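For reference, chains read A, B and C in written order, and residue numbers begin at 1 within each chain.
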Amino acid sequence: MQETWAAIALYFENHTDAYFAMLRQHIGISLRVLFLAVLIGVSMGILCVVFKKQQKYVVGLFQILRIVPSLAVLVLSIRFLGIGMGPAVTALVFLAVPPILMNTVAGLEEVPFFMLETSHAMGMTPFQVWVQVRLPLALPLMLAGIKTAMVEIVASATIAALIGAGGLGQIIFQGLSVRRTDLLLIGGVSVAILALLMAFLIDLLERWSLKHKYA
Amino acid sequence: MEFFDFAQRNSSLLIRALNEHLQMVLIALALSVLLAGALTVVAMFFRRAGKILNYVFSIVYSIPSIALFALMIPVMGLGRTTAITVLVFYNQFILLRNFITGLSEVDPAIVEASTGMGMTRTQVIFTVRVPLSLKAIFVGIRLALVSTISIAVIAAFIGAGGIGLLVTIGLETGNNNRVLWGVVLSAGLTIITNAILVFIEKRVAFTK
Amino acid sequence: MGENTTTAIEYQNVYKRFKDADYYAVNNVDLTINEGEFITILGSSGSGKTTLLKMTNRLYDPDSGSITLFGENIQQADVVQVRRKIGYVIQQVGLLPHMTIARNIGIVPRLLKWDKERIDARARELLALVGLEPDTFIKRYPSQLSGGQQQRVGLARALAVDPKVMLLDEPFGAIDAINRLNLQDELKRLHGGLKKTFLFVTHDINEALKLGTRVIVMNNGQVCQFDTPANIVRNPADGFVESLIHSCREQEKLWEGLA
């Protein structure tokens, strides 16, 4: 046990810069993927609600994509897109879009019809009803989907180290291949804390968006 | 097609991977359901305990699997036992959420009537609440099963074998076909399992 | 009716059939409503009363016939402009849960780009008008209010930009009996002071007769009778109206028997 602590201390002494570089990489790729996934997931969710007839197929497709093992998606992206940052980001976006898309659809559909109708009756234009009523009321569920996506992104970004995405996953995989407990602990704890922290931050946003329910 | 030739030449390899995977998944699922069932009963008697359990397991569930696997190695070593332990932990969040909500949402009038007839709390749980929430219980088990199949793929990195091993060894040795078969089997297994269970869910009337 | 009455709303041969329905929800309705009247529309569910109301602010459009608002055919006017001139109150209230009471009341004024001070002053004025203490309520969220209080805010919101016409679709339908009586009295008082035209849909005959200066009785999409409450009770126009009055009288007997 004492040996392990000493090894961990030594690692941070000798690899401080490398560690923080990997942390930055991990956060960087995660936020980039989150941004893209929110953009795609939310706009596709809105389109699904507008074009009701096609919604079934799109949501069904993403439901399947949601249960495909993340390792399979990551590996497939190597096959078709090669190794590196670009393929990794693409694969992660694929994994992150489904929860956002599905929660956006659920949130938008949950807004009661009478609330939309009264908003129209007050003289809001269709655009104003979307911006002032429908989207804000769907926000809590959308954020819940974004939180699920965030956890998925941090997790899959760890494995994406295998396909050249860098990040903290490198420490874990190195630890696995050379059987070093200190590396496993450093990598595992770092990734776990990062995931929980990100989820916590989005949780705060979610609570803020629900303030009218608790106020 | 080279891809299919590979399967023909290595059919025993693929079958073994699938077999190992299913074994690991089913053992993990069985243990998960037993543990979650016991915890649910505890939660039905002590509401606070239910809330605490839900909170703790929601945190566990947010930890990326590869990180949790890495953290368990120093404690339990490499191999299938470690993998199954981690899988059981992950499942508790999914199962408890579905079990507890299902059991709590049984029509209070029925519960009251049963209590009024002189049933004890335990009798109400097993003869009223459980039979009336079979659907929620089934949905929970389906979600847990699909998630277990998926996470078990990653368990190959800690020496648990299974379908994931096709991918990891394939990546190491540059064997494209092996990797692709890993992908196809893992994706196929989750999709088909889910489809079958959804089909059953829709066909079976859960309350008599 | 005085001699200088202005026509507020006119329905001419209005028909409406919904998609996939084999009957007319509104069947040849022909009505003239004067400015300042408090019209109640009485009917059971499926009578077409709500459909008629919703065609007045173009939530639905008629299949044929025309509806004019102060002489302007609403079919030819801009739909958003028409709606901003009409207050609308429904049973579910429809306050936006993510906005405070002040912001809810200010929705239409903001759409019309009023400045902040004016909106704030108007919100306070309206809260006082509907019997809610402005300082207490202005910063609250709808979820913190009782059903009756929410409906008062709903009224205030509909009155925000001083519309000439108010449409009310069973606004007190979900409110308990005692509060409903209070709200009815206050609505009547409000109407008296405001000189607006009210169209009030209800399935409660007592409510219809109590509030209306004139009452429209509807059945199966058609208007059975359009008259003052007294004339409706004294001279029911057809068997349907008669049976309504009769059922009401039966209830009265029950009360007399108990007293």
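Things to note:
The definition used in the following text is that a residue touches a chain if its C-beta (ideal position, glycine included) is under 8 Å from a C-beta of that chain, and two chains touch if they have at least 3 such contacts.
This is a predicted model, so every value here is computed, not measured.
Note on connectivity: the fewest chain-to-chain touch steps from subunit A to subunit B number 1.
The central chain of the assembly on a C-alpha centroid basis is A. Chain centre most remote from that of subunit A: C (centre = mean of CA atoms).
If you average the CA atoms of subunit A and of subunit B, the two centres end up 22 Å from each other. With centres defined as mean CA coordinates, subunit C is found 48 Å away from subunit A. Once the centre of each chain is set as its mean CA position, subunit B and subunit C turn out to be 55 Å apart. Of all residues in subunit A, none touches 2 or more other chains. Counting partners per residue, subunit C has no residue that reaches two or more other chains.
By the touch rule above, subunit A contacts subunit C in their complex via residues 112, 114-115, 117-125, 128, 132-133, 136-137, 139, 211-213, 215. On the subunit A side of its complex with subunit B, the touching residues are 4, 64, 67-72, 75-76, 79, 151, 154-156, 158-159, 162, 169, 172-173, 175-176, 181, 184-185, 187-189, 191-192, 195-196, 199. Subunit C makes touch with subunit A in their complex at residues 57, 59, 80-84, 86, 88, 90, 92, 94, 96-99, 107-108, 111, 140-144, 157, 167.
Within the complex, the subunit B residues that touch subunit A are 59, 62-71, 73-74, 146, 149-151, 153-154, 157-158, 164, 167, 171, 176, 179-180, 182-183, 186-187, 190-191, 194.
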